[in-house]
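Labels A, B, C and D are assigned to the chains in the order they are written; within every chain, residues are numbered from 1.
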Amino acid sequence: MRSVYLDHQASTPLLPEALEAMTPYFTQAFGNASSLHRYGLQVRDGIATARAQVAALINAESPDDIIFTGNGAEAVNLAIKGFADANHRKGKHIVLSATEHPTVLGSVEYLERQGFTHTKVPVDKEGIIDPAAVREAITPETILVAVHIANHDIGAIQPIKEISAITREKGIPLFCDAVASAGWYPIDVQALGIQLLTLSPHRFYGPKGVGVLYRSRRARVTSHIHGGVQEGGRRAGTENVPAIIGAGVAAEIALRDLNERIAHVSRLQHKLHDGMVASIPYIKLNGPKPGPLRLCNTLNWSTEFIEGEGQLLLCDSNGIAVASGSSCVSKSLKVSHVLEAIGLDHALAQGNIIMSLGKDNTEEDIDYVIERFLKVVNTLRRMSPMWQEFEDGQIDSVINPRGIGKSFTQHAADVSGRPAH
Amino acid sequence: MRSVYLDHQASTPLLPEALEAMTPYFTQAFGNASSLHRYGLQVRDGIATARAQVAALINAESPDDIIFTGNGAEAVNLAIKGFADANHRKGKHIVLSATEHPTVLGSVEYLERQGFTHTKVPVDKEGIIDPAAVREAITPETILVAVHIANHDIGAIQPIKEISAITREKGIPLFCDAVASAGWYPIDVQALGIQLLTLSPHRFYGPKGVGVLYRSRRARVTSHIHGGVQEGGRRAGTENVPAIIGAGVAAEIALRDLNERIAHVSRLQHKLHDGMVASIPYIKLNGPKPGPLRLCNTLNWSTEFIEGEGQLLLCDSNGIAVASGSSCVSKSLKVSHVLEAIGLDHALAQGNIIMSLGKDNTEEDIDYVIERFLKVVNTLRRMSPMWQEFEDGQIDSVINPRGIGKSFTQHAADVSGRPAH
Amino acid sequence: MKDAKEYTLYNETVMDHFMNPRNMGDFQDADGIGEVGAAACGDIMKISLKIKDGVVTDARFKTFGCGSAIASSSMATELIKGRTLEEVKNFSNEEVVEALGGLPPVKIHCSVLAEEALKAAIEDYEAREVSKPAEKSEALSA
Amino acid sequence: MKDAKEYTLYNETVMDHFMNPRNMGDFQDADGIGEVGAAACGDIMKISLKIKDGVVTDARFKTFGCGSAIASSSMATELIKGRTLEEVKNFSNEEVVEALGGLPPVKIHCSVLAEEALKAAIEDYEAREVSKPAEKSEALSA
């Protein structure tokens, strides 16, 4: 059976080049970067190279602006909580978009318990924020604006340049979570006017165990892991040397191959999109259609009358790896807050799955997925009381309404005795 | 030239067995543990095995009591700040030993800014805490007692059983930082009565990029990296899967080989200690002498009339890797707070270096180190005005006083025009 | 390390009931139909029963829901065939969980939904019985 | 990746002056001796000068301190040989740093200590000159 990995927004395989560069740092160059002897100096040198490679990927002013953390979530926490901690005297209000990743939301909620307030700026039906709404949300108390470059779930690319024009005018730093977009979208922090930015190398063929915070010298952050002078005193504890080395190599190759990767993946994205839409009735793409407003590697679907996990499981049994909702919160039963934010009907939010492409996917993979996915959908619809009730005219379709029957949401509320959330 | 690595308290080389177990998790089993498809389930299974392996090393009640973090420092921060956050309603006072690692001190200082207070319990001249002093330091406001199992710098093993008898009686959890001792000393959290404990696998031949917090179900901690359900909601962000796998293997082998490693390393420790003392005049061991009160792998020396960095550099040029002061804070110019806590004379604190042995060191290594270290000391003493002034009878030795001349500290104050710190 | 292919989200029994559901479908002439929904997760389950002489002679399900919801309804319909109405009224979700060899804690509610759907089907049956005494006695006297 | 052996804490020049210090030692009959200490780091530096006709004809050092302190004193003694007292009084630590090809920021104070030791040696020399006018004029008239 064919294996098709379509969950590159959850993680990507490590580049062989990165692994090769990392390998000597496990058993040979195993020193601690804080040590003053040759074993320490050797790894310090490796880290310096990696810092420059990562800085180049996003065109940071200097390698010194790169802080390595343990993962993307830690980098985000440091960006928000570390910045808030260092700047709370200037004000205690944060503006963020409604579709930020849970780690952004969680950091902001933590700050709420510390006396901060925040304003969530809504997005439109495609998941895109209105820069004018960001401007309106800014108060004299605002110290930080957080808007991700592209959404991890629905791929909506945000108007960062327009937003940074506003934050620059107001003199407020802009934090952009680029965990979902780095390696799949060109990012130039200087051209985009970004002062804080986070990356997660395992999302662009680098290793797990390392995250990146870029912070320009104009945006001060204080450590939130205390106790050592590592990373310029901004993140204590022994550095994950091999992973940092691998992140550097992955960043260098991501920069080198960026256009090629984007071209390849968006070709497959269009093919997959068009094929799915053509062959499967009552299916809806969430987020902008493939093109300049959408990240090149992700497609978020709602398949009507069936639920997401079943689609995921049957795909899996066909060798196709896809995600259901946000991969980071898949243990939760709740509908993704991203889908809520774009106002997606409850019925469609239930049937949500995400396919994210990578550089090693092929045209044949796409043909296979389209063929199998149709079968998956048919199998589940045969099992679904909703499909039958739709066919019987009792409930109506949201995607393609016929004007007969009640809504799924109404039906669900009726049978469960409570309104759907 | 011979290479002798004597800085195992900074980091250790990764075990080939661990690297082998890790390797497939880079390019093949690269899934995200949060994913519901087979790629995610596969790594979830690997993590579960590692959790059980680490739990076994310290005889934790259950693998569920093991939380993986990004390094030892993060584990310590989570132990202290996470525990304080979850329990601040019970009180806001922490008791800790004066010789804790900077990451413990830094976490406690952070809490001070959040309204907590603390009491540092002093240690004796050998670096050992008096359990009665711990008892005295406990107030009705105390919610946590933090005493490391053994000190990273001077190897002093603390009377944990006696302390846990007190904390148990008072109903206060005991946190033991075991970063310096795990893998070199038998640790049984149940027998020792420990509720929170931290490990850093790269200190016992595991990989960098992973730390461990053990917390018994009786000691609640709240996450301080927000935003995901990983590690039971106690540490958000994608897990460093390969490092966790490697940590598991390293823990399993550390447990299997513990007695053998201790026997080998303490034999070398005795040999190195006796050889150094016999051949080098005016040298002093800091901390307890090799034996039951001292960690088996570390020797902390003060060489009189010369300074530490020079010794380190000349050792390095002879292929011998040693540490000067705490490896984690070696960028700092200050004398280690550990040496201050044992009341070491300023002169001796200046001439401090640390040799920490590992399983791959040999008897020949020790012979080589003793021979070369004598030359290093002689070279630096020839360069030192102090040595000459000592020989001239102007200043006296602290280690072996003759009763003539003033003290080094007095002399240093005289020539610098300010009292030495 | 086992091959990725060997991993499944649920245990073998649950996966089997999800991939090869028993009793999937409806009856042309069901004696009782229960359709229930779980507000918490959005699952909807419909169980149809054939009942004769106070015994469940056949059962079918349709489910809109996750893998364990489908497996739970498949297993529940399997389990209650041949049971008396009284037995079905005492049916507990725990029996489904046990027969499935366990469910993840967050998925226990799926088995509860199966229990509820079953009981709703019985209620439906009993409500119909009450509303057609004529037919019933006719049939009896025939 | 370069071999570990190729790495040193300081640059080549600093390492050279640390490993092969120039002018290490004392004079039997120094004309001026300066011994200074840095309270911040505990380093102690002693510079001894031979001075003739207002010119430093030779210089030696002894240093208790880190690698860059030793290298700084080695380099400072090298640099000032042949300079006039006036020139030495204007000597700046920056010259040492430059000649060493740079020092890490936290180690700049080592070069400052060398400057101070030098200046203390000149002061000592001048103090001695003042206190022995007789000897001096004797020597001149001899």
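Going forward, a residue touches a chain if its C-beta (ideal position, glycine included) is under 8 Å from a C-beta of that chain, and two chains touch if they have at least 3 such contacts.
This one's a predicted model, so the numbers in the text were calculated from it and none came from an experiment.
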Touching chain sets, computed without chain B: one piece
Taking each chain's C-alpha mean as its centre, the one farthest from chain B: C
Of A-C and A-D, whichever chain pair has more C-beta contact pairs: A-C
Length of the line joining the C-alpha centres of chain C and chain D, rounded to whole Å: 92
CA centroid of chain A to CA centroid of chain C, Å: 39
Between chain D and chain A, distance of the C-alpha-averaged centres to the nearest whole Å: 59
Chain A and chain B, separation of their C-alpha mean positions in angstrom: 37
Chain B, residues touching no fewer than two other chains: 31, 36-39, 309, 313, 316, 331
Multi-partner residues of chain C (each touching 2 or more other chains): 8-9
Topology of the chain contact graph, where touching chains are joined (line, ring, star, complete, other): other
Which chain pairs touch, all of them: A-B, A-C, A-D, B-C, B-D
Chain A-facing residues of chain B, complex: 5, 7, 10-14, 16, 19, 26-28, 30-32, 34-40, 69-74, 76-77, 101-107, 109-110, 200, 202, 207-211, 224-230, 236-243, 309, 312-313, 315-316, 321-324, 327-332
Residues of chain A that touch chain C when the two form their complex: 305-310, 313-314, 316-317, 331, 333, 335, 346, 350, 382-386, 388, 411-421
Chain D contact footprint on chain A (complex, rising order): 24-25, 29, 31, 36-39, 41-42, 45-46
Chain D to chain B touching residues, read off their complex: 8-9, 18-19, 21, 24, 26, 35-46, 62-67, 69-70, 106
Touching residues on chain D, where the partner in the complex is chain A: 1-2, 4-9
